[in-house]
Structures are given as structure tokens and as C-alpha cells.
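Below is a structure I'd like to ask you about.
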């Protein structure tokens, strides 16, 4: 077994430097690598390009990096829910590249899978396709999209073992699996790091080969954005 | 005058057919789930990675790891499944979803839709909407027909940046039900108590009135 | 819950007609849809194009359809282990299109995922790339490959429920997941059809939306091609 | 004269480094797994969908659902995982596999390899070999240097249909270890008891002898 365990979040994020491109898992605040984001705020790396479906909220998730102006460019599909983000974007402080959500997921997966480019119908005839090659397949136009390049992929899983195998929970899975192995180095923070051999090989969502460093997060706040309930 | 949002959703629910996999957008579309006609089996997908969405959880039973694309806490039905975002959009792009219901800022008479950006003012992003409208065979727009400034959202041509081209098939608003045809918006149903005259005034694009025009029915 | 259960294999393969294209899961004889193949032999459909990684052995798997000359064209990555196959191919009775294994898997997955075409490095500079568009990405040549089109996808899973959700076992998973939803109609035969609600939603390999018809196979022989063992 | 197949595998095993994910082809490459140097962690992948392959099963414990790409029954090690073919080739095409060892019918001095087809005679197919050689950064060919008719398989140019171009980095045969260089096959090690003269005679392509030429060592 190839051991991917690192002792803590500080060791996990070693090598993240100013100007790098990071992919970060999560949908809204669900399934985000909280511990790693916290550590990035702490070390104060700047001029980051972040590829993530959303940009967090004002005081949590990637919002924390935005507050400290550590992000130069954001690649995302949806960035509502964040006033500071909107302010930085409209003032021109923050560069923003909006991408259809499925294209975002597929460009990560393409990087993981060694597919340099693929065609998708999403965004044809819109701003998103401007400057991109388009092509007809079976009577329908498609846009050529390329695999993302990133220095680090930073993901959050539910359980993991020292071999780097990951299992996600519920909708906290989202973008995390497709980002594993998509960046040059993949960091996984897990709620529970279990001994090798205790996960069923048949039920592993992401094999450890796609993960370079794994650690158990010290604390997971797991904030809820829209608490919707019904009464009994 | 016209329908409230929940009744728009109720009218759209009539379009659900047994065996449909359905993706509901944020806003009015979300309400459609409350009006599934009895006796038919429908599964609701949310593009953040769940098929088989159930009701909202009971208070105290919310799970931060279980939300829909609107970031609301949810529950799942028996037979549900979780999957990653790439698989989720395989369902969407691969045309496995039977019906997509989403909101819009503008719809053009050729089926173009705009719902993600107001240049210089608001840019929330397209989320999964561009993938949905580019792929779905069956797209219904649920929206109020007139914006806050009293302007029609059924247009000859969209003025805002597009989300997708020639993709909308049907529109349900507080005033009527419309189909996109080569000739323009075909009014097929009007809301109870709403005149065709009123509808014409609230439609900037070309409006044609169906020969089979009828009042919406909610029996 | 949308019910995908059909009563038996005969109902499951209804609509398969002469001249159609079928995708069939399995690697060697591992994870092949034995019951459906048996039924196809029985109904005697002809002139089939079969997309499957291998072509079975002389007397099992797709070899059974080859024996009866029901296959007009075979698309596969590896076709050793089958003398009748070799005879039909060399005599020109059988049309054969050989494809790199990863490209085969990805072309199925592309069909499932609504990706009409993608670039891969596999096969560049070889016969496989002849007549295909090639293109350089980051200094390396790639071939444009398209999604497969098929009338039916026929797969085998370990467990499934009436909603069509599937779980595979061990290396019997192989091509089965990528083929689900890749053909117009997907048939899944399972070793055990369990009641809806008894599978953990977090551990489903293929959600039921990708499956149209599901049934519990009457019998699984699960033949072993190369029994290799060590002594205690 | 020269090494037997198992000793070729043993020599290749010296190329394994701690932390390597390795894909072994059918034939001599499979034997490499028996010679992993002590003290290093290696995981073996098989492209049909398993990472962390262990030894062959004990008699009576074979599982039809657990095979390698050679269709042999196998077991798994702690930390193993199963995955589908698309994911398996994501590992390969995505350059996550650190070392690929495979057999060949012919290797050319520029690194071209042929191992899947003899026109008109034998067509077994390329299986996963084309994906492997097109993607791997680190490819070692394990083969007998001379075919059954006594002809060299280290050629100026391959005569058979290619599996991949300019991809082989190193070759280990019963006679020696070769690196592919811009000048041709660089002989870096010879098998015990084999003369350079003998090796030259068994090499049709350009052969250069390393200044650091040494005998293979198996201590």
C-alpha cells in the first residue's frame, strides 16, 4: 500500500504558492475543503486562480480568501450569495470567468482522464462560446472545451484511508471526485481517516491513485446555507 | 390578476407524465414538486448530485451534506441515488432528463432564453442552466410575464446575454400558457379571468392565439 | 419511484431486431450479460453489430452469437481466445473494427454523457488514426474520436433495484457502467433484484435513470477463463 | 544463453521505485510482480478495473468476478479498489500510472513499438496497449530479443503495424538492457555470460555501447 497520509493541514498544503491555480471541490458550502481553505487564509498566499463551482459566502468557504483579497481570478458557474465577490467583480479587482456547470465538471474530469479537449452543446450561441471553436455533430452545434490545468486540487471527502481511497457522503460529493487527480497534486481532507483495509474495495468512490496527500480535518463546521424544513 | 406563483407551478405539474425524470430550477420551478398529479411516478433530479428528491426535512433533521441546487436542505425518496457533478451532467447533456423547468428573465419568440446576467448590474452566473437548455428536448419556462417595471418578458428578441438559443418549447406565466412556434408565441391557454387583450398587452413578441384556446383548468 | 422491472429476459430484449447495433458489457467472460446473450441466440436476430471489449470464447459469451453467425460486425479491443472468430474474420465473413480499449470505454461513456466527440492520444501514428482527424494539444498529437451510437446497451450487474439502480461486483464492473444509457435502450440483468430502498443511495454505481429495463437473471454460469491458483 | 523469462522480470523489478503505480502486460511483464524489492510500496493496476492486485488465490478460493487483464483469477491487497473501464483508462491516459511494462513483437530504435497484429496471420487486437503506450511517460518493454525464426526484434524500423510511436524508453531482453536514445539502442547492461558481439548480432537496429556498460547484477 502506498501511504498518502500527511500529518496535518499545514503539511498538506505545502507547496501552494502565490500565483498558482487551485481547483476546490464543493457546491455552495456543501462538501468544501474547510480545513485547507482556512490554512490558505493563514499562510496568506496571493494572486490565486481558483476553479470552483461557487465562491462561498461572505464569511465562509472561498469568501474567506476573497475577504483577504488572495484571489486574483475566479472560474465558477454560479457566484450569487456573496456581496464581497460582487463588489470585487464589478470594481474590476477580481477577474471572473463564468462557465456552465456541466462544462466546469467535465473540464475537471477531462484533466483527470487525460482528455485534452471535448465537444459540448452547452453555451452554443452565447457569450460562453465566443472565441471558441464550434462544430456541428448530428445537426447540432457544439463548443470545443479544454481540460483545466491546475497546480493543486483540494477536495473534501467523508471517509478516506491511508492509501488515499475516498468515499463521499450525500450531495457533499458534487465536484470533489472529478477534481481528484485533475491538478498536479491532489490534497484530500476527510472527516474520518480509517485504517487501510477497512473500506470495501467495491465501494470506493475515488481510488487513492488520484490522491497525493490525505489528512483528517481537525474540525468541520459544515454550515448550511438555506435551512429549509417542514413541520411534523 | 392572473395566477400566483404556486398556481403557475400547479399548471406546469400537469405537464408531468408517468416515468419522467425532472430537473427543477430555482424559484417557481421548485414549487412544481408540490403538485405531482396522483398516480404517476416522477423522480426529481438536482444537478448538484441527487436523483429522487423528497420533501424538506423535519425540523432538527436537516443534514448539511444533503442539499439541492438551491442549497436548500432536502430529503430523499426510496430508490434515490447520489452521484458526482460529472455524472449529474451526463444525465443532463446525455438527454436522460425528460423535462426541465426553469425561470427566465426574457424569452424570445424563437425560443431563445436569457436568465443569467444583466451586464454591469448583476452577474450571478449560469449555474447549470446553459447545460440544461442546450440539451433538454423538453424545456418549460416558468416565470412572471411582466417584470417589476411593467415590461413584457416575452420578446421579439432577447436584450440580455443569452443562456441558450432556440430551446424553449413552452412557457407558463401568471397570464397564460404559450408554445413556441415558427410564427411566434402561440397562446394556448389563458388564466382564469384574464382577457386575451390583457395578454396581448403583456406580450412584446409576436402573439398568435390558438384556434383551440381555452381557459386553464385545475380540476 | 419509476419502476424499470420487466418480468424476464424475453421481455427485456423485446425490440432487438436484425441489423441493430448492440453494446454489451463484460471483460473476457467476466461480467457479461449471459442471460440476454442466451436469449438473443434463441430469437435468432441477425446482422448484428456488437460493441464489446471482447468476443467471448468459442462456446460462451458472444462466441455463441458468432457460432450462429448472428454477428455481422464486431467492434472490440481484443479478440484472441476465439478460434471461430478468427476464422470468420480472416475469411471475410465477419467485419471487425479494432479500437484501443480506453478509447472503446470512453466512446461509450461519451454516448452516455452527451459528449459527441473528444480527443485522445491513443492510437496516434497507427492504423487506428487513419482517416481520423488529428490535432496537437500541448505538443502532443491526439485523435478525434466520436461517441458510439447503439440501439441497445445490454449490461450485467451484481445487485439492482426496481428503480434500475445498479451495483457491480469486483472486476465484473468493467465496461458495464459506461455502457448504461449509452444506447437508446439499456437492459440490465442482475444476479439479485432487491426491493427499492434496500440499496444505500450513497453506494449506487449507476443510477436508475441510465437503465430502462431490469430483471433478475435465471441463472449465471460465470465461467472462468484462466483459473490461476497458488497452493496453500 | 542469456536470461530466462523470470530473470528478465527480476531485472525489470529493479526499475520499481517506492510509491509506483504499475501496469503489467501479459506474459513476461506479469512475472515482475513476483520480484518487488523488499521495503518499497508498489501497487499493481489491471486495466479491467482493479488497483492493488495481490497474489493468485488459493485453490478453491477463485472468484469469477475477480480477474486481471489476462483473464487470470487474482486476489487483492488491503487498500485495493475496483472501478469501471472508463475510470481505469483515466488512470492510464491521465498519466497517473508511473510505470508500464509490456511485451512487444518489434521495437524500433526511435522507440516505436508493434505488438498487436501480424497482417493476414494474427489479429488479436491492441487491448489497452495503445492507450498505455500513448500516455505513459515510463515504458519498459520486456521481451525475448530474437524471434522463433532467429530474427532480431530490435529494429531500425518496425515492419508490423504500430502500437505506438516514439514511446518506448527502455528494453530488457534475455541478452541486455537498452535505452532508446536519439542515436539508437544504447546497450547499458549485458546478461551474465553474454558477449557484446553476440548482442550486436542479435540487434538489427543501430546499437551503441554505453561507456558505462556493465553486467546485470541480481544481488
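A, B, C and D are the chain letters, set down in written order, and residue numbers restart from 1 in every chain.
Definition applied: a residue touches a chain if its C-beta (ideal position, glycine included) is under 8 Å from a C-beta of that chain, and two chains touch if they have at least 3 such contacts.
From a predicted model like this one, the values you see are computed outputs, not experimental measurements.
K.L.:
Give me the chains shared as neighbours by subunit C and subunit D.
P.N.:
Looking at subunit D and subunit C together, the chains touching each of them are A.
K.L.:
Express in whole angstrom the distance between the two chain centres, defined as the mean CA positions of subunit B and subunit C.
P.N.:
Measuring from centre to centre gives 36 Å for this pair.
K.L.:
When the centre of a chain is set as the mean of its C-alpha atoms, what distance in Å lies between subunit B and subunit D?
P.N.:
56
K.L.:
Could you tell me the distance, in whole angstrom, between the mean C-alpha positions of subunit A and subunit C?
P.N.:
32
K.L.:
Two or more other chains touching the same residue: where does that happen in subunit C?
P.N.:
In subunit C, the residues touching two or more other chains are 106, 109, 113-115, 120-121, 168-170, 202.
K.L.:
On subunit D, where are the residues touching two or more other chains?
P.N.:
If we look for residues of subunit D contacting two or more partner chains, we find 50, 82-83, 86, 89, 92-93, 135.
K.L.:
Is the way these chains touch best called a line, a ring, a star, complete, or other?
P.N.:
Here the contact pattern is something else, fitting no line, ring, star or complete shape.
K.L.:
Give every touching pair of chains, nothing left out.
P.N.:
By the stated definition, chains touch in these pairs: A-B, A-C, A-D, B-C, C-D.
K.L.:
Given the complex with subunit A, which residues does subunit D contribute to the contact?
P.N.:
Residues 19, 21, 41-43, 45, 50-52, 76-83, 86-87, 89-97, 135.
K.L.:
Within their complex, state which residues of subunit B touch subunit A.
P.N.:
46-50, 55-74, 82-86, 88-89, 92-93, 112, 116-117, 120, 123-131, 134-135, 161-166
K.L.:
Using the touch definition up top, name the residues of subunit A that touch subunit B in the complex.
P.N.:
Listed in rising order, the residues of subunit A that touch subunit B are 27-31, 53, 76-81, 86, 89-90, 96, 98, 100-106, 108-109, 120-128, 158, 168-178, 205, 222-232.
K.L.:
Which of the residues in subunit A end up touching subunit C in this complex?
P.N.:
Subunit A residues touching subunit C: 106, 110, 113-121, 137-138, 140, 142, 146, 167-170, 202-203.
K.L.:
Spell out the part of subunit C that touches subunit B in their complex, as residue ranges.
P.N.:
Residue list for subunit C touching subunit B: 1-3, 109, 111-115, 161-163, 165, 181, 196-197, 201-202, 204, 207-210.
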